[in-house]
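For clarity, chains are labelled A, B, C and D in written order, and residue numbers in each chain start from 1.
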Amino acid sequence: MIKAGIVGGTGYTGVELLRLLAVHPKVKVDVITSRAEEGVPVTQLFTNLRGHYDELAFSVPDPDRLGECDVVFFATPHGVAQAMMPELMKRGVRVVDLSADFRIRDAELWAKWYGKPHGCPELIGSAVYGLPEVNRHLIADAQLIACPGCYPTATQLGFLPLLENNLVDPSRLIANAASGTSGAGRQASIDNLLSEVADSFKAYGSAGHRHLPEIEQGLNAVLPKGVGRAQLTFVPHLLPMVRGIHATLYATLRGDACDLQALYEERYANEPFVDVLPAGSHPQTRSVKSSNMCRIAVCRPQQRDTVVVMSVIDNLTKGASGQAIQNMNIMFGFDETMGLAAPALLP
Amino acid sequence: MIKAGIVGGTGYTGVELLRLLAVHPKVKVDVITSRAEEGVPVTQLFTNLRGHYDELAFSVPDPDRLGECDVVFFATPHGVAQAMMPELMKRGVRVVDLSADFRIRDAELWAKWYGKPHGCPELIGSAVYGLPEVNRHLIADAQLIACPGCYPTATQLGFLPLLENNLVDPSRLIANAASGTSGAGRQASIDNLLSEVADSFKAYGSAGHRHLPEIEQGLNAVLPKGVGRAQLTFVPHLLPMVRGIHATLYATLRGDACDLQALYEERYANEPFVDVLPAGSHPQTRSVKSSNMCRIAVCRPQQRDTVVVMSVIDNLTKGASGQAIQNMNIMFGFDETMGLAAPALLP
Amino acid sequence: MIKAGIVGGTGYTGVELLRLLAVHPKVKVDVITSRAEEGVPVTQLFTNLRGHYDELAFSVPDPDRLGECDVVFFATPHGVAQAMMPELMKRGVRVVDLSADFRIRDAELWAKWYGKPHGCPELIGSAVYGLPEVNRHLIADAQLIACPGCYPTATQLGFLPLLENNLVDPSRLIANAASGTSGAGRQASIDNLLSEVADSFKAYGSAGHRHLPEIEQGLNAVLPKGVGRAQLTFVPHLLPMVRGIHATLYATLRGDACDLQALYEERYANEPFVDVLPAGSHPQTRSVKSSNMCRIAVCRPQQRDTVVVMSVIDNLTKGASGQAIQNMNIMFGFDETMGLAAPALLP
Amino acid sequence: MIKAGIVGGTGYTGVELLRLLAVHPKVKVDVITSRAEEGVPVTQLFTNLRGHYDELAFSVPDPDRLGECDVVFFATPHGVAQAMMPELMKRGVRVVDLSADFRIRDAELWAKWYGKPHGCPELIGSAVYGLPEVNRHLIADAQLIACPGCYPTATQLGFLPLLENNLVDPSRLIANAASGTSGAGRQASIDNLLSEVADSFKAYGSAGHRHLPEIEQGLNAVLPKGVGRAQLTFVPHLLPMVRGIHATLYATLRGDACDLQALYEERYANEPFVDVLPAGSHPQTRSVKSSNMCRIAVCRPQQRDTVVVMSVIDNLTKGASGQAIQNMNIMFGFDETMGLAAPALLP
């Protein structure tokens, strides 16, 4: 049993970590922090957890207590992990940061998109981007994992086989993505009231969403040298439902297409959490709800030169807390699927 | 007062016609047909209509009774209108066909996409495609209107200003669209049960949706001569909600962009049912729910050469029955907005 | 044309008033107030209203400007109308107050349930409770209307025929009611996020909801003298949807039941906005969505002595803004259904 | 490892059994039947199960193959289990029947409510009603379990403490219950289309639902001798969501109330799947979604003599497949919570 800490446990990625870790055979959550809810039992805030964690209450973040953990998850808004990270690194704790704080490798670029200087640029270099399907070998030994965002996970997994093999024009990529409302977090707001977003659909952030530089960085990282730069038009949309991301990806084939179905199946043959559907399929977000799976389908409408990839994840699981646990499993030498094997909830 | 008939009134476009015509000052619904529900009062099937139409019951379609109407709406599956049209045309009735029967001007192409020979090719030539924003001048005198499909309406209105002015590469158009479930009609099925489609999102028909040839035909019709052919990648998606279509359109600018915002505002300045939102807006489907409006926003993310247009309609109103009434208003010389002026229902 | 003012127009009853008045032939909205949104065009907040009210912007409440209106609607939280009412009454304006400020005729009781002293007890006596099905004769001449709450409207209309005729034990009434989330208003909160309330159902306020004293007052008002006091167990529930109230009412028959179906049909035969469904029906909230109708069904399961009444309204229409306009129509001698005749939106 | 069979595996209780058994450490599903889907892999019908059950396909029901199983679950419409039961009993298989076939102990009563003669009256007497909170001691040794219905589970667990202790008038019980649409099963129908039931709420079956005799039988079974007969008014409602049952129960206290909170807490202190919430709580259906828990709250509004109990379950889990597995665990001497320990999915 390892001891885990969670910083910022009152949001949706926090409760999802708790839900998943409740049945993980090798992890005990020892400390969970929240300044606003100090002293409140977690089961009071999240009644689904009654019967689990009955002894656990939120506490003010304390580097010494966190320092006694084997692993600490940050489930915080951006900025928090940057501030606390040096103290934790010093204490030798291993960290999985679910926030955006260490995802972007260029501190200037981070500052541009997040509107303030990076608070801890000296640790960016040591952070490993926690997408196991790309960086599994680096994750095992990392002390600091920057866990990918939800849109970036669905989008990168969808584009990878095309880009790694230089099959498409990287300068004309399009990601039309849609997310459930839980992606907006558990914050008081008018904009995300059921009365405002139910029975409706809209795009948002089309002028520039913070996940854009993260995705482009990830796509460029897998592009062979000398074939150009990946450039993405990324339009996120808000779905009238709680969980799920659906990315519909468009790319222009460079020449004659190879067998796209075989390409995808081979690329992901050994990936426990990427499932390539049979040709002609359309993945449904509900087929991955509550699970750590990414399901993907690829097609080429009318046999023209535009390839379409559809990629679905649960934004709170493979898009956040599930992937964080997958990273932790790799870091601590556990079976990668430990605690993440339950099928999705359907219907 | 003119007399209206509705053929096939038990579906969602049927009840939407009834809802809208209930408050239209110049139209009385005289006959509504359904073989399956013969003799059943319409208010028994659609309790929202109690207090309106209390005398109206479904009857078996009878060309003589329909022939006494001034206007007949077809709210039927494809194939039905083709079979009955010659008899009605002969009797001099004016027809607004909400089905796909006369939308495609090439009978071969119709046959390919609809899987059977066209049943009435001799009348295709006289049918007017009822998109008032393009064909208003032809609608006024038409006897037979082919009312556009829901996706085609949202998509064409979104692309028109770009194509009419030859601003984008017509061979690389993308329409990523999403529809509420009412677009699938009022048919017993497992696939559209709430238990199957709530809390989920998926693409469908990516290999080729029947609206694709209709949209491409419409886009080519407005393209200036000699600038190439419009070719569209069209991926529809199913939203977990009842009403609304959202089309997110992508096109590659040919050269330096003009002022796209001004272009759209000018194109639609005099259109009563197309509303161009201020720059930076994202239209919500709920902003047009129950109304005949199409709301559009245009943007150019990162100032790159991909232009993004977002276009929303209510699939049952501007995407079907509302547009049918708009056509009828033009045909009979009524104010084009008559009976269609109520604001959308929000929240 | 009369001139109308709306105080507190940024909430859901405000936008519903605007939606309905946009097509009312005798009313022009001249002023709409909001301190927080001063200067903001209403169409910026509510995009469904674009093309209507394009000249109207929120302004700070000013008794002089409101004093020039023929009618003023209060769509405010409780307390606001009490503070402004003396000034408006003095100016001779007629007021329809949608808030709870003047519904309870006992100032002490109001203070107990609303947690502060009543701010204007001297005007309570002149306020007319605006339930037209009970008080139509008083509404015509009233200067101040206290428009009923949403639950109280559905519940009273459901119980009235039983209580007026002393058919049930008034001391054992039960109202099990459920409301869409729009009843909670347009306020930033975690509790009403889509992520919190979608796909879920719960009771709330079972220890005592503020609508309880209002309903009991209304039920007692129609009970014949000397037959006891009405006492209600009232449990509201929150539905995962936007609009609609469904009240399921239970009462114990005193003796042999009369023909309950006939009783209800006769009681409401001349009511334009109460529709008694055929025996065996179950009213759906969607059958009244966006409309001012209340639909009711009554039954007696297993022919035992418990009678069950089901009553549905749209909480924002017959439960608030529609009923306010119905009151206004009566006050100004317009046809009672003016501007309220459109059928409900279905599907 | 025991071998399990599932008869009728294409519905929602079937896929829920598969979801739960996929992570049960002691059970392997060996056979699953469906006449309509013979030969189809289960993962083709239920994509959430891909990666589990990849070898399992639907087969035609065969008593010999089922006879080789240790346990057989019936997830069928009523009538099917009655027809096959003698053959399975003879072969010594233990059966958990999720259908209504053996729930009612009076064959005449069954025939009255289900509209045909009972097909296997000779086995009714040996069937044990599988509500562990009442019949745990009988379940361990039973060969045939009649697994309770969803409404009956939520309702009985809510009423038990009051009735066992003769605290309320049993002749005036009311159960106002609401269910998600998955309770209606995976059958093609218009009535349960998302377009028909989303954004709406209604009662149904108020004249008499088939769960009524089952509930009354269960309530009478726990009532002390000589205190009268339990009689229930039961009104089910349909919620616009997939999973969850909420029962709001009303009863009239006979005399001075005891400490109701303590009563409930003590009654269920040792029950692993019944959770009594703190005083003042309102259980949400989402707090049990995907889990086998029943959460209950009890209150006494205004300190009057009507007690209100709120009881929530997931209709597919504690209301069907989870409870079936709980029964199986007891029958085979496994830990009662085995495979059922994961917390509910929230949000």
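Rule of thumb we're sticking to: a contact is a pair of C-beta atoms (placed from the backbone, for glycine too) under 8 Å apart; a residue touches a chain by one contact, two chains touch by 3 or more.
Model, not experiment: these values are computed from the prediction.
Under the touch definition stated at the top, chain A and chain D share these contacting partners: B, C.
The interface with the greater count of contacting C-beta pairs, when A-C is set against C-D, is C-D. Spacing of chain C relative to chain D, judged by their CA centroids, is 39 angstrom.
Note on chain placement: the centre of chain A and the centre of chain C lie 46 Å apart, centres being C-alpha means. Counting partner chains per residue, chain B shows two or more touched chains at residues 12, 182, 186, 195-196, 198-199, 240-243, 283-284, 286, 289, 347.
For chain A in complex with chain C, the residues that touch the partner chain are 12, 180-182, 184, 186-190, 192-199, 240-242. Those residues of chain B lying in contact with chain C across their complex are 12, 15, 18-19, 22-23, 46-52, 182, 186, 198-199, 242-243, 275, 277, 283-284, 286-291, 293, 295, 316, 341-347. Chain C makes touch with chain D in their complex at residues 172, 174, 176, 178, 195-196, 198-204, 206-208, 212, 231, 233-235, 237, 239-244, 246, 248, 250, 252, 280, 282-286, 289, 299, 301-302, 304, 306, 308, 310, 312, 347.
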